[in-house]
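Have a look at the structure below before the remarks.
Residue numbering begins at 1 within each chain, and the chains themselves are lettered A, B, C, D and E in the order written.
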Amino acid sequence: MKATPLSNCERRFILRAIEERKRLDGRQCYDYRNVRISFGADYGCCIVELGKTRILAQVSCELVPPKPNRPTEGILFFNLELSPMAAPGFEPGRQPELLVKLNRLIERCLRNSKCIDTESLCVVAGEKVWQIRLDLHLLNHDGNIIDAASIAGIVALCHFRRPDVSVQGEEVTVYTPEERDPVPLSIHHMPICVSFAFFQQGTYLLVDPSEREESVMDGLLVIAMNKHREICTIQSSGGIMLVKDQVLRCSKITAVKVAEITDLIQKALENDQKVRKEGGKFGFAESIPNQKITAFKMESATVDTNNVEEQAEEIITKADPPSEVFAKPILHTPGTAQIGEGMENSWGDLEESEKEEAVEEEGESEVTAFECEKIETEDTSTMRETKDEPIVLSDSEEEEVVILEPQELPKKTRTQTSSKQETTSKKAFNKRRKKKRAAH
Amino acid sequence: MAEEEEEKMAAAGGGCCLRPFSCEQGLLSRPDGSAAFLQGDTSVLAGLYGPAEVKGSKELPDRAALEVLLRPKVGLPGVVERSREQLLRQTCEAVLLGALHPRTAVTLVLQVLSDAGSLLSCCLNAACMGLLDAGLPLSSLFCGVTCALDPNGAIVLDPTTRQEQEARAVLTFAIDSTERKVLTATTKGSCSVEEMQQCLVAAQRAADTIFQFYRDSVRRKYSKS
Amino acid sequence: MATAFKTVEPLEYYRRFLKENCRPDGRELGSITTADGSALVKLGNTTVICGIKAELAAPAVDSANKGYIVPNVELPSLCSTRFRSGPPGEEAQAASQFIADVIENSQMIAKEDLCIANGKLAWVLYCDIICLDYDGNILDASAFALLAALKNVQLPSVTINEETGLSEVNLKQKNPLIIRKHPVATSFAIFDDTLLIVDPTAEEEDLATGTVTIVTDDEDRLCSVHKPGGSPLTGAKLQDCITRAITRHKEVKKLIDKVIKSIKPK
Amino acid sequence: MPLDHRRVRGPEESQPPELWAAAGEVPVEGEEGEDKDAAPRDPCDLRPLFARAGLLSQAEGSAYVELGGGTKVLCAAWGPREAAEPGAAAPAGTGRLLCEFRRAPFAGRGARWRPGSASEREAEREAAAALQEALEPAVRLARYPRARLAVSALLLQDGGSALAAAISAASLALADAGVEMYDLAVGCALCRSPGPAAAWMLQPGEPEERRAVARLTVALLPALNQVSAVLGGGQGSSPDAWVQALRLGLDGCHRLYPVLRQSLLRAARRRDATAAAAATAATA
Amino acid sequence: MASVVLSEPEKLYIVHGVQEDLRVDGRGCEDYRCAEVETDVVSNTSGSARVKLGHTDILVGVKAEMGTPKLEKPDEGYLEFFVDCSANATPEFEGRGGEELGTEIANTLYRVFSSESSVDLKSLCINPREHCWVLYVDVLLLECGGNLFDAISIAVKAALFNTRIPKVRVLEDEEGSKEIELSDDPYDCIRLNVDDVPCIVTLSKIGYRHVVDATLQEEACSLASLLISVTSKGALTSMKKVGKGSLDPESIFEMMETGKRVGKSLHIALQKILDEEESLGTSRQKVGFLG
């Protein structure tokens, strides 16, 4: 599906609005859109909505051998997918430049900032470690994917619980959630990305650009920071030149936004934990607002299955009973048999047609096939192959055999009767069996 | 939470009871139609684009070219997803009046949000709600129902993951809304002919409930417009 | 052209398209000596070959007492113009999954039988099914080829040397596999919701509004009811299909028994 | 390596049972067969060859070639179609011949060939290139401007001399498809066993091929007496020895030629017969 | 493959010239162009060579790395070839354009080196079944001016001649576990014997005659050529027909004879150059890429 292009009028309109410090959705320049976090029923699963941008995150784990150069560290794997659902321009199985760039940023934000303690993921040094895998799926693209992805990623990692393990000697036991409570990952800090879009060569600046704004921006600055005001990653793209003050201003804004978002994340995590502890309802179903008219819920409904047996029985008895078996297999040669009739197989007709041909060809001295294959079992008594003489094979009365003596001029021996009996001999190689065909 | 569900079901009289359903339509801003469908803790999100311009090689002269993509939550789609995509596509094709939009493309993307049993039927329901939300012309609706046969041979409708694992056989049907006929059937495990027919009858009855749910949610959506 | 006008006949006429050739042994195209078991099945023009190679591997951690069966269906560009060369497309993948489901559902082979040493060593059966000539009804032909090929698999005996802990393979002593069930697939093409045709050709499949495949085992149990969309059917019509599939199973079973018997006495 | 998501996957690693066989067992078993074979084998001996054209229903042309060593090759050909990208790669005014070579995963002895793996793709591509070199001189590509012809070969079992069999089968398939050709390309393989005085052998079987120190595959257009493919390598020997081998191989091609011609003739006759039957049915 | 487009009269001119044993650049049918060979041009490889043959420009680097021997040959090391068709050589190679040619050349090199005698692979084994040297031979096409195969084979031979593999010792402690110790002395190394490494001679059939070392223009006039690899002793180790055309058996025999003759003298010339260069030792002034 093709991406919808942005018209020139739209482009001009947005840029003009930005010059007048107005945004399409009514936000101020430094305003962040609403962030909403909802958790799934599984651990390590969440959906983060940043305005209309929506990202699904899922963390999973697996026991694997560690990398040889880091035998005591767990393995982290991050993968962001741009689902074709998110925007019409995204195609499955393609790696557009944007995706590569985003994945690099996620790597830098979550891996290189060392926010996850990888050493705590080691089970047996050099043998078994946990591999933590974070899958991020963009579900709806309304700009600023990276911020939403970084929030979703860190929330999912904080929410995730891996199975507890114990090591006794060489035995590694993995406990089910029923046996032992799963363990959370040890997370040192929460890096969060904040994006700034620049317009008119850096004159105007917007926080958290929407998709439309992104499509007209000149450059983008992404700063990843944790709540301790430590910058984890900073990246400017789009080829604009920024003044030092601008970068500093951005980092100050980032600090404020990160503090707000971190608070929100912590609140959301606490809330979810509380609900789970108290045995309340949780999962995506709870995150659907009841008052929305586009949403509808139905409580568990009973289906009357009282007399399904009778009804099913009725259908079966009404149907015709299984018919008698008609088809009788016809055995051609050991290992080959046939049932049914009707449409002729384009491979199968060779036996008959070649027989006909053979009649025509009688007398011509053309070579038709090499034949000096050993023939097993019952045929060996009459069929023998000798080295320097033409090979003679003939026990079956009606079988025609053509032999090529490879050294000299081709000779052939053919014995044939015109009877059309079913072949009893087994011809090993040249497939000239005759079939008794029902059609005749 | 699985146990809770089961307890509740036991209270509600045997296994013949559907888990709580919820559905939200039009929740995504980019797609032309979208719907999230939840059956208990199983949830699937559907997003649909189209009818839109089609790439040359995929173009069909007499109808819309429907593409269904099923995205698993972890990892990349594999052979299982590809075979389910085919099944879902052919189910949607059977009801979609594609001939009204020749030489166009319709793309339906299904994203698994969580799997707690009866995933395929949830995919079918999400797909149908997505088609509805996009306002595409359909000859009928369809719904997905999963039935499990527990070790005693009793029918369990809309089973959870654990019920599916314990079951002897799990059958999933897509039932159409006009005559309650079978659009799609797929089975796991083996069962007798009688059991299959019983499950089918049960699924047809469950379909009535689900279609009522469809009707109510669509009515609610259009209640204020 | 006379062949262009093929009349569509109702269910009663299904017998027309029933011809097959099963060549699980010896000296023909179907016999692949480099494979541990093989079979060639012809269903009308549709021709499918299945070769099975057995290899040894460590069992999976979560099922230490089980071996593996890895079925793959290939529809190479050679078998029809509708397929491109390259990795398997959707139809091939769906067929692979169908075959995998049949193996799993029918329990035709108990994976426990493939285990040699618990948690240490097990057989892996790679079942590669390749279509040579594609004229419809690939599922029936593939399932049949798989069954016939499995029937003549001969596995060398493997023992674990107590002292060294290493496994030893005796290539001279070979044992057949235990086939517990004989699932047979029967496919129908649906025309306009009412007409059913058994064993459809490629042309019929293209014209049909849907297909349904029923797999039954020796005890007339259903191993798979596979109806991927298409025209809706009533329960009664489905029952007709099942009835026919049960008969078909008997026919095919007879065929396969006869073929296997014919090569055994050697 | 990225995992293959389009196939049902098995365990990550598995070994063929031969690897675990008790020491000495495998080679012994192998040699027994070989020695019986090899000792009386005349180097000029041709293995039996079975060829049949026109057996696939869906392909425009097809052929199946089986060699005595157990090599089984199936080929299908489609001819002329509009080229996907006009003018690409081929000079204007001639058609393109696209060759594909697939090996069934179970075709080889020992470990299963992993379809889709890098090494397998590599092997298939190399064989396809060799096939193309051998066939191109035989096809009148100039008669098909801006069109493409396609041949795909499927090796079902490799019992030695596989490429040679594929060349013969592919040219049969092309001819069966009604593609205009100068001549059939007939392939023949040879190999030389280790040992100082070992002579070249025609159409080696798989065990012979495996042990050989030098291998050669030739393809000949017999009617024109033109060599369309020479592909070989191994232990060095004087040009005279290679010349001798080449002569032997070309002689082998000449002897195989009538068999291929005959099978083509049969396919044509059979086709005529079916057409006639259809015609009578239509008039009736 | 990189090629030029010639008009019919241009082709005719070249074909008629060849008929008279007169080639466009004044050579006879069995003459090579002037070749420049320099070894040890890339410092971070175990061995390297650069060969210029007319306009064809090839750089080969050999890297020795430790690996595990192949299962079927537990007491031998092995060679790996990789050919990179740089987009510098021709715009056709941009993106994946050069991949096909690259694998074709690599496959040809594998076939040329398939003979057991070409390189003593046993000397590359460190300890059987566990460690061996793997020689990664990387070929870089810098410019294509015809006759790629010959130039590459000369460059590979020169680079292998130049290759120095550090000496290692296998130490075994009491528990039987083995440790590999690298020699401290950087000059303590193994040299490969390249006497039996073959060179490729490509003979292009033009009209009724054949020429060696064809230029791009001459390649455009040739429908088929024969590629043979010849050792310094005049033994043939591999042969392959390339191109769209076919060849007469008799002419193949002739070409093989020519190939042997030309190959032998090529080897003598190459070995002389390599020995000369070697004798200059470290005092040799390196020409490198700017020369």
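In the analysis below, a residue touches a chain if its C-beta (ideal position, glycine included) is under 8 Å from a C-beta of that chain, and two chains touch if they have at least 3 such contacts.
No experiment lies behind these values; they were computed from the predicted model shown.
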Central chain (by mean CA position): A
A-C or C-D, whichever has more C-beta pairs in contact: C-D
Centre-of-Cα separation between subunit B and subunit A, whole angstrom: 20
Euclidean distance of C-alpha centroids - subunit A vs subunit E, Å: 43
Approximate Å spacing (C-alpha centroids) for the pair subunit A, subunit D: 36
Centroid distance [mean C-alpha coordinates] between subunit C and subunit B, Å: 29
Multi-partner residues of subunit A (at least 2 other chains): 312, 315-316, 346-347, 373, 429, 431
Per-residue multi-chain contacts in subunit B, two or more chains: 77, 79, 82, 193, 197, 200-201
Contacts with two or more other chains, residues of subunit D listed in rising order: 6-9, 19, 55-57, 66
Subunit D-facing residues of subunit E, complex: 71, 103-104, 107, 111-112, 114-117, 196, 198, 224, 226, 229, 231, 233-249, 252-253, 256-257, 259-260
Complex interface listing, subunit C residues touching subunit B: 90-91, 93-94, 96-98, 100-101, 104-107, 209-210, 212, 217, 220-235, 238-239, 242
Footprint of subunit E on subunit D - complex, ascending: 19, 122, 125-126, 129, 133, 136-138, 213-214, 216, 220-221, 224-239, 242-243, 246-247, 250
Touch list for subunit D against partner subunit C, complex: 4, 6-11, 13-22, 25-26, 29, 55-59, 64, 66, 70, 72, 74-76, 78, 100, 102, 104-109, 111-112, 115-116, 150, 152-154, 156-159, 278, 281-282
Residues on subunit D engaged by subunit B in the complex (per definition of touch): 5-9
